[in-house]
């Protein structure tokens, strides 16, 4: 089982900054990248707030790790699934999210954000080997 | 390929059960543990949501947690099955993956 | 079947560590293997030997140490989470210039890679948290 | 301000056993009784589960502190406000709750449970000097 | 006699804002802090509930927490005022008691 | 005006301790008095001197110790909560037969009565938690 790439899904359902889970999830993803597994991230429920643009933590004096999401592409983490219904309920559109991209061989960088609806998200979850919940 | 979902929060306090049920697929199972068990008390909006989900997935309650919260067979929503820790392990083993709705 | 267990909460405040313990015990009793128990986030707080719970309550930390000893469990405490929360072994204490350590018997401190590795090696990974 | 009895309200909004707050609230109330303040307890939202009868924690191997609520009367804690709407939403009636009483000079023990509606609960909260939230 | 209520949880994740608003009395104030600030993002069901409550109580958002979650004046529900930590202290001082909806 | 502050959560996992710190600092800057800061439940975990947070993050424990020192704050750690979670001072460690202690500068361990007393003495009590 350990010789082939396993499908890992990191499920992010909590808002950033009020608790440490968003930051910790990002840390594991970056460390996990070295293991060369098939990695996806899911942002649903309040997890969509993690990748909202314009986060400024100076006033609460904590680390602004939101820019680190931009590094995911460099670590070959290219599949960031974002649930449409979760955005809708929170008054957000994809334009409110950071532009998160990855390099490709040809021409421009491609977006890593893949907006899916709830039933597509359920299907993605059902195709994983390991689900890590944050 | 099926998933065992765990829900450990009260549906009156948080939305994790709602989110879990919205992402359950046919053949999946949900186990209510810790404070999550109160969702299975019959006659509530949460129990109604659970009963509606039973058409596509099975719902279990962790018996020791239910007993701790004063629940027994009589107060349990129809169609919800009770398991002990050994049954919880068995469910985790017989489904292909576990997803915790924390 | 091989299980990996993830514990995200410390003792007493939330039930998560108790449930993880009961699950692990039941899995062992059913003949399954435990690939690793990974203590993460506040879960690292299960690994301090300095707890003194009331005599009429269960001892969450000792339960883990005893289960670990009885079954040779690999109980790993996430180093980054442990450093933030003040869980140290003797080596870490020295390295960080701290005058005391507090890790309990049976736990070892290691990196997040051990969590990924557990996900790769185990047939099932089960997370307990809040 | 410290010479007259202050009105303390202990607000219980969480289910028991899943977290330590119910137990801790009970501990402070019992310790606080020695301070001879005007003490009330409020049970609303999932806090009403704390005083449901028939709790049996043997299976989860934790301390069954639910019986300790019965001791409150002996500590002169006699006002346990329970919110009707919270009971209703959870499929509970007052018959599902433990009988919690206190001694009186004349005849029988009196119940300490006072069922109030939401607006009465809001009014009780507004009459306190100190609110401790659990 | 009035109360300052604090709410630190997202209304999409938990029910504490709903419970808080249901127990607010005329003259009370609510301050949204930590993850609670996301309730004040305009155009959501939570923002609508807050706007409906403004007839009887004032609602504040802790600015540093809003900024951390990418919110600014433009994205804030109508009628919600922004304060900093000093303003939070001032609100706690000018109301007779504080109640935390944890 | 005299404030009492209650901190129910430990460092890093939840923002509660940070918010309590910022509130306390702002109250002092506005000329208010702090009657007491009471660390309760997981809040006792703010009081260990063994934390080693990453260098690019704030140091929650040190923030409290420094604020306490600068303003002579009475920072009380609930003894029952501390015992369950392994926060000990030298006396407690000796009394309980433990080989180490971990309390940080500026904190003292005492009983729940100190919480009630804070509620009686202070004009306002503000609770930060999860």
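Chains here go by letter, A, B, C, D, E and F, matching the order in which they are written, and residues are numbered from 1 within each.
The rule we apply is simple: a residue touches a chain if its C-beta (ideal position, glycine included) is under 8 Å from a C-beta of that chain, and two chains touch if they have at least 3 such contacts.
Not measured: the values here are computed from a predicted model.
Trainee: So which chain is farthest from subunit F, going by the mean of the CA atoms in each chain?
Mentor: Most distant chain from subunit F: B.
Trainee: Please state whether D-E or E-F has more C-beta contact pairs across its interface.
Mentor: Answer to which pair has more contacts is E-F.
Trainee: Measuring between Cα centroids, what's the chain most distant from subunit C?
Mentor: Between subunit C and the rest, the longest centre separation is with E.
Trainee: Round to the nearest whole Å and give the separation of the Cα centres of subunit B and subunit C.
Mentor: Whole-Å distance between the two chain centres: 26.
Trainee: Could you give the separation in Å between the centres of subunit B and subunit D, each centre being the mean of its C-alpha atoms?
Mentor: Computed value for the inter-centroid distance: 28 Å.
Trainee: Distance-wise, how many Å sit between the C-alpha centres of subunit C and subunit D, to the nearest whole number?
Mentor: The answer is 35 Å.
Trainee: In angstrom, rounded to a whole number, how far apart do the mean CA points of subunit B and subunit E lie?
Mentor: 33
Trainee: Check each residue of subunit E and list the ones that touch at least two other chains.
Mentor: Touching at least two other chains: 8, 12-13, 15, 34-35, 64-65, 84, 97-98, 100, 102.
Trainee: Any chance you could list the residues of subunit C touching two or more other chains?
Mentor: Expected reply: 12-13, 15, 19, 22, 41, 57, 80, 123, 125, 127, 129-130.
Trainee: Multi-chain contacts in subunit A: which residues touch at least two other chains?
Mentor: Counting only residues that touch two or more other chains, subunit A contributes 17-20, 45, 60, 62, 129-131, 133.
Trainee: Dump the list of chain pairs that touch, please.
Mentor: In this structure, the chains touch in these pairs: A-B, A-C, A-E, A-F, B-C, B-D, B-E, C-D, C-F, D-E, D-F, E-F.
Trainee: Which residues of subunit D touch subunit B once you look at their complex with the stated criterion?
Mentor: Residues 14-19, 45-46, 49, 52-60, 62, 64, 89-92, 96.
Trainee: Help me check something: in the complex, which residues belonging to subunit A touch subunit B?
Mentor: Listed in rising order, the residues of subunit A that touch subunit B are 11, 13, 44-45, 118, 121-123, 125-131, 133-134.
Trainee: Of all residues in subunit F, which touch subunit C in the complex?
Mentor: For subunit F paired with subunit C, touching residues are 10-13, 41-42, 45, 48-54, 57, 61, 80, 83-88, 92-93, 96, 98, 100-102.
Trainee: Spell out the residues on subunit C that touch subunit A in their complex, using ranges where they run on.
Mentor: 6, 40-41, 80-81, 111-113, 115-117, 119-121, 123, 125, 127, 129
Trainee: With touch defined as at the start, can you tell me which subunit B residues reach subunit C in the complex?
Mentor: 6, 8, 33-35, 64-65, 84-86, 88-90, 92-93, 97-98, 100, 102
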